[in-house]
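You will see chain A twice below: alongside chain B first, and alongside chain C after that.
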Partner chain A sequence: MSGVGNILNEQEKTGMKGILEVKNLKKHFVTPKSFFNKEEKRVRAVDDISLFISKGETLGLVGESGCGKSTFGRAVLRLTEPTSGSVHYNGVDILKLNKNDMRNMRQKMQIIFQDPYASLNPRMTVLELIRAPLDAFNIGTEKEREEKVIDILELVGLDKQNLRKYPHEFSGGQRQRIVIARALILNPEFIVCDEPVSALDVSIQSQVLNLMQQLKQELNLTFLFISHNLSVVKHISDRVAVMYLGKIVEIAEKKSLYIDPLHPYTKALMSSIPIPDIDAPERKIILTGEVPSPLNPPTGCRFHTRCSHCIEKCKVQEPALVNVSDKTMVACHLYE
Partner chain B sequence: MKKQGKSSSYLGDVFRRFKAHKLAMVGLCVIILEVLLVFLLPMIFDIDPYTSDINAFGAAPSAEHILGTDDIGRDIFARLIYGGQVSLFVGLVSTLISVAIGVPLGVIAGYYGGTFETIVMRSADVFMSFPSIILILVLVSVVGPSIFTVTLVIGIMGWTQFARLIYGNVLSVREKDYVESARAIGEKNFRIITKYILPNTFAPVLIALTFSTANAIIMESSLSFLGMGVQPPQASWGNILYDAQSITVLSQKPWLWVPPGIALVLTVLSINFFGDGVRDALDTKMKI
Partner chain C sequence: MANTLLEVNNLQVQFSTIDSTVTAVDGVSFSVNKGETLGVVGESGCGKSVTSMAILRLLGKTGKITQGEILFEGQDILKKSESDMCQIRGKEIAMIFQDSMTGLNPVMTIGKQLIGTITVHEKMNKKTAEKKAIDMLKKVGIPSPEQRMNEYPHQLSGGMRQRVMIAMALSCNPSLLIADEPTTALDVTIQAQIIELMKDLKKTSEAAIIIITHDLGVVAEMADRIMVMYSGQVVEYADARSIFINPLHPYTRGLLSSIPRLDKDVDVLYAIKGSVPSLQNVPKGCRFCERCQDAMEICKNKPPVLCTVGDCSVRCWKYTK
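Entry: the complex of A and B
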């Protein structure tokens, strides 16, 4: 535990603003060469992503299925080992930490998974589930742990009568509350929320979202909020990053991104949000074709095969993610 | 999601479902009865499986010898009871040996993978590609036949089925979100295996346990029948049958081979029914 203390001191020395700073992060899944398969296959799930998250903010990460959002979230926490790059958390490169230091670091960095049915061990009671992180780090006495569990259960809006129950006795929303309680019990600072509400009924989604937002304020948390649901991301985020085929194509403040998207892909995404008004003019941009395979991504700009503004340069040269204004970054040749 | 019934704990549900399984309950009762008979009866009554009754060689069932005597005048009932001790001992202990070897190897191979996985699983393949009865015959003839060698050898030969079973299950369970979330909350590998992986992979092992016990009992009988198992004068169901091989015995003295045969079939069947019941009871999706 002293490791975490050192890390915090170090942060004060360096005086960094971002709680989390990701540089050139890559995660490639490689199928090894074999006798029958001379060619190495490389799925570029996360390909050279750099971004930062400031303390107390929520960064939304959107993109369609299979674009590498979840892989990015897991790579940031080293739940899958990144191929290259660096992830600085409070100024410490966590990719360079050894196993034990990384384990201690996990007290500060947590994750909430998408499917609350799959992320709770079916053979453990609520008490055991939520207490597990305290057990793992040997914090407090038996009694203190149980009291802490009851406190945190109350915080997420569940009754302490539920302590001895098993996950299968709960609804999806309640389960996700249990998952949130487990993620919060070690007082983390940073939480990766990997599509935390996608598996829930729409009526429950807003409840859980509001709970998360309220907890974030109360406990001064920082979120990386991964979702394919643009409305959900709009509701909860401060800034939003748009991902396409393993790359970030645009990062901007929520307001400017939703009102004035720059990248053609972002524009198409934004136009797909349904407007609850029958008189609203139809202004959908329909993308043609399918997402290319990350096994064999297009040359140049990865979006050029589906882009309506594609120029010759897009096919050969990959655009860099550059600042177009103070807080907006976009990777597109149209804005250079 | 709420299930009917008062007890809502996992084990309570399992127990309730098991009780509803009639054949399994019958099997369990038969096994308990047998164990009690075989181990308690010799303590209460003076039963002697070794001494010959000079007045009754190969005698048919009578008041004095309720299941008759064999060709050298030993009481079949007494031999059946003592033989039962041997059979149940071999069945249970050799299965425990198989589990003790197979489960840790399978779990570690499945969880960590890598070179260890290759070594364990390929040697399991090698073990399985030998006809086990012949291997056991060779081993027993080298070490010398006795209850303990037979138990040990059957136990050691049986590790592959547990290793493969649990290996396959661990492969699927370790990819589950709850295992990844366990890593995310900082659980160590040992606790992930004992608290997250094993409880969720153990149901099939429990079932295989029952079948393996039944198999070991049969295996011991076959070995004894072939003369490589428990050595006379000690009795086992297998060597009682072995003594009853001749055609005259088979056709004219059925009391020599019917009782051990029935005991063997009854035990194996009961254990199998019990295993069936356990499997159904552990399946949380079964609604009984």
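Entry: the complex of A and C
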């Protein structure tokens, strides 16, 4: 943790905030007008998000389905083109890069997807799969590439006997290891992990989480860890951002967020997780209603329809994300 | 025991594939008392869903119950005719499935489906059935139920659909409700709502519940007794308190300590090494032996039997005398 603190200080001096700095990022999906659709519909999947990630840090991003967390992860990597805003990676605005420069930039920025069954081509062997990024960027000779694959495979805990096997011969956990190996082969600095353990059983989930943490330390990686599972995010992150309907409602250091959540939504989210303990205290807050449609988000604070602390102001005025302490930001009128 | 509602003895279910036979459930025995909630926990492929499908005899063409008996209110379900089964399914034993989108008919309104279930099992005219359906929807907390009756499943959200499924399952006052991963497909805030609803229903109705899940948090909130399954077998069967306070089987203990928890901090998670063995190639000794940190010589060669320790049953050589 102190390491992260030092980096923060250094960056304050240089004016740069972290390896990745996102400013006012928006991604809107528009359904065009048509005969059946007289009005243009706009889904504000990611609506004006600003945050930074320091080098060597894991930022957890949590929220319910449809809140835009995956879209944010993709927009940061330009896998889906953002509508507006800026994404500075090591000081370079990657949204302004041309196709070729962006392609080179991708070596440093990788992604791990949720479903290890869908993200591996079933007709390619492990060797071909993991080597593919090296092939794409034409790095090294055939032999060097294979050696590199064997090294990486060992790093993620798979034996080199597996080189000629196909994905279907592996279990879910092993496949996720292959996906991680492929993401690591170009020595990236920054990895977006989009629900990497959600499809795995609990006993396998803990193996993969431990592996990711160990790799992060050994290779000095920076993670954006997207998940709906607050317990998993708590385990792996340094800081956590909570998203609701395309907005960040709270962002704080892990410790303070989990011990003393501020935003009513974060509080409700925390108390709705069933704790595997028979003597766990009764949950306190149960939200009524459901997440409103992002096609037609509520006016004012987007959470006001489900919030038990809602005041008049919440219905009309949207709260801004403001600092309430050194490292905690929250978007709620209660804390202004 | 007059209080026992369901008793499953030595159940074995096999699925035949082209080149082999897989034993998905192997010698599972348990019982459910009236009004009790039994939690069945295990990882994917451990046979927890197959067990519940066997109780309803819904195994399809490839699955066969090759051994054992299932006594429901003292009568063997396996000896019933298909038409008797139709009377039991939905009326006596109801089921809630994980995926509410595939559990409901997409081309029928909610009302039609609910009324259909009620009129099949109970002698009621359409008017009274409709009234009852609306009552049920009210009971599970659906706002403006009269209007919802005329809507199709796709017009409802996931949480609402799951409520409809619960309403449908409870509409004929079943004495046993089987819920197969009822909250897995839902978001946490909605999951909390559904769990709360099921807890309320547990208090108000007399139905016994079998809740099948991989989430130990969910069973901690709901279950009176818990059965932990691994690779088609019961490895531990005890009341909920002792499973969480004093788990006996190394697998149960591993499972509990490998979950990242909100209320505790650890630097490195406990990980059970390896993965679940394939059912086509089960180990000769204890099925958990290769992953077990307490494995002894005997574990590799001889399968342990379920033995009783206090009030718990556990399948492990450590506790066999």
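Here is the rule we go by: the second predicted complex is superposed on the first by the 316 of 336 C-alpha atoms of A that agree within 3 Å, B and C clash if a C-alpha of one lies under 4 Å from a C-alpha of the other, contacts with A are read in each partner's own complex, and residues count from 1 in each chain.
Operating definition for what follows: a contact is a pair of C-beta atoms (placed from the backbone, for glycine too) under 8 Å apart; a residue touches a chain by one contact, two chains touch by 3 or more.
All values derive from a computational prediction rather than experimental measurement.
Enquirer: Return fit or clash for chain B versus chain C, each positioned on chain A through the superposition.
Expert: These partners fit in the superposed model.
Enquirer: Given the touch rule stated above, what does A:Glu336 touch, chain B (first), chain C (second), both, or neither?
Expert: Touch partners of A:Glu336: none, neither chain B nor chain C.
Enquirer: Under the stated touch criterion, which partner chain does A:Leu120 make contact with: chain B (first), chain C (second), both, or neither?
Expert: Touch status of A:Leu120: first partner only.
Enquirer: For A:Val291, select first, second, both or neither according to whether it touches chain B, chain C, the two together, or no partner.
Expert: Once the two structures are laid over each other on A, A:Val291 reaches chain C alone.
Enquirer: Tell me the contact category for A:Asp93 with respect to chain B and chain C: first, second, both or neither.
Expert: In the superposition, A:Asp93 contacts neither chain B nor chain C.
Enquirer: Using the superposed model, determine the angle chain B, chain A, chain C defined by their C-alpha centres, to the nearest 10 degrees.
Expert: With chain A as the vertex, chain B and chain C sit 80 degrees apart.
Enquirer: On the A-aligned overlay, A:Ser231 touches which partner chain: chain B = first, chain C = second, or both, or neither?
Expert: It touches chain C, and chain B stays clear.
Enquirer: After the superposition on A, what does A:Ser171 contact: first (chain B), second (chain C), both or neither?
Expert: both
Enquirer: Scan A:Phe137 for contacts with chain B and chain C and give back first, second, both or neither.
Expert: first
Enquirer: For A:Met270 in the superposed arrangement: first (chain B), second (chain C), both or neither?
Expert: second
Enquirer: If you stack the two complexes on chain A, which partner ends up touching A:Glu147: first (chain B), second (chain C), both, or neither?
Expert: The answer is neither, since A:Glu147 touches no partner chain.
Enquirer: By how many Å are the closest C-alpha atoms of chain B and chain C apart after the superposition?
Expert: 6
Enquirer: Where on chain A do the contacts with chain B and the contacts with chain C coincide?
Expert: Shared contact residues on chain A: 171.
Enquirer: If you look only at chain A, which of its residues touch chain B in the complex?
Expert: 74, 77, 79, 103-104, 106-107, 110-111, 113-115, 118-124, 132-133, 135-137, 164-166, 168-171, 179, 182-183, 186
Enquirer: Help me check something: in the complex, which residues belonging to chain C touch chain A?
Expert: Answer in residue numbers: 43-44, 157, 159-160, 187-193, 195-196, 214-218, 220-221, 240-241, 243-245, 254-256, 258-263, 266, 268-273, 275-276, 291.
Enquirer: Which residues of chain B touch chain A in their complex?
Expert: Counting only chain B, the residues touching chain A are 1-2, 8-10, 176-178, 180-188, 191, 195-196, 199-200, 284.
Enquirer: Give the list of chain A residues in touch with chain C in this complex.
Expert: Within the complex, chain A touches chain C at residues 64-65, 171, 173-174, 201-207, 209-210, 213, 228, 230-232, 234-236, 258, 268-280, 283, 286-288, 290-291.
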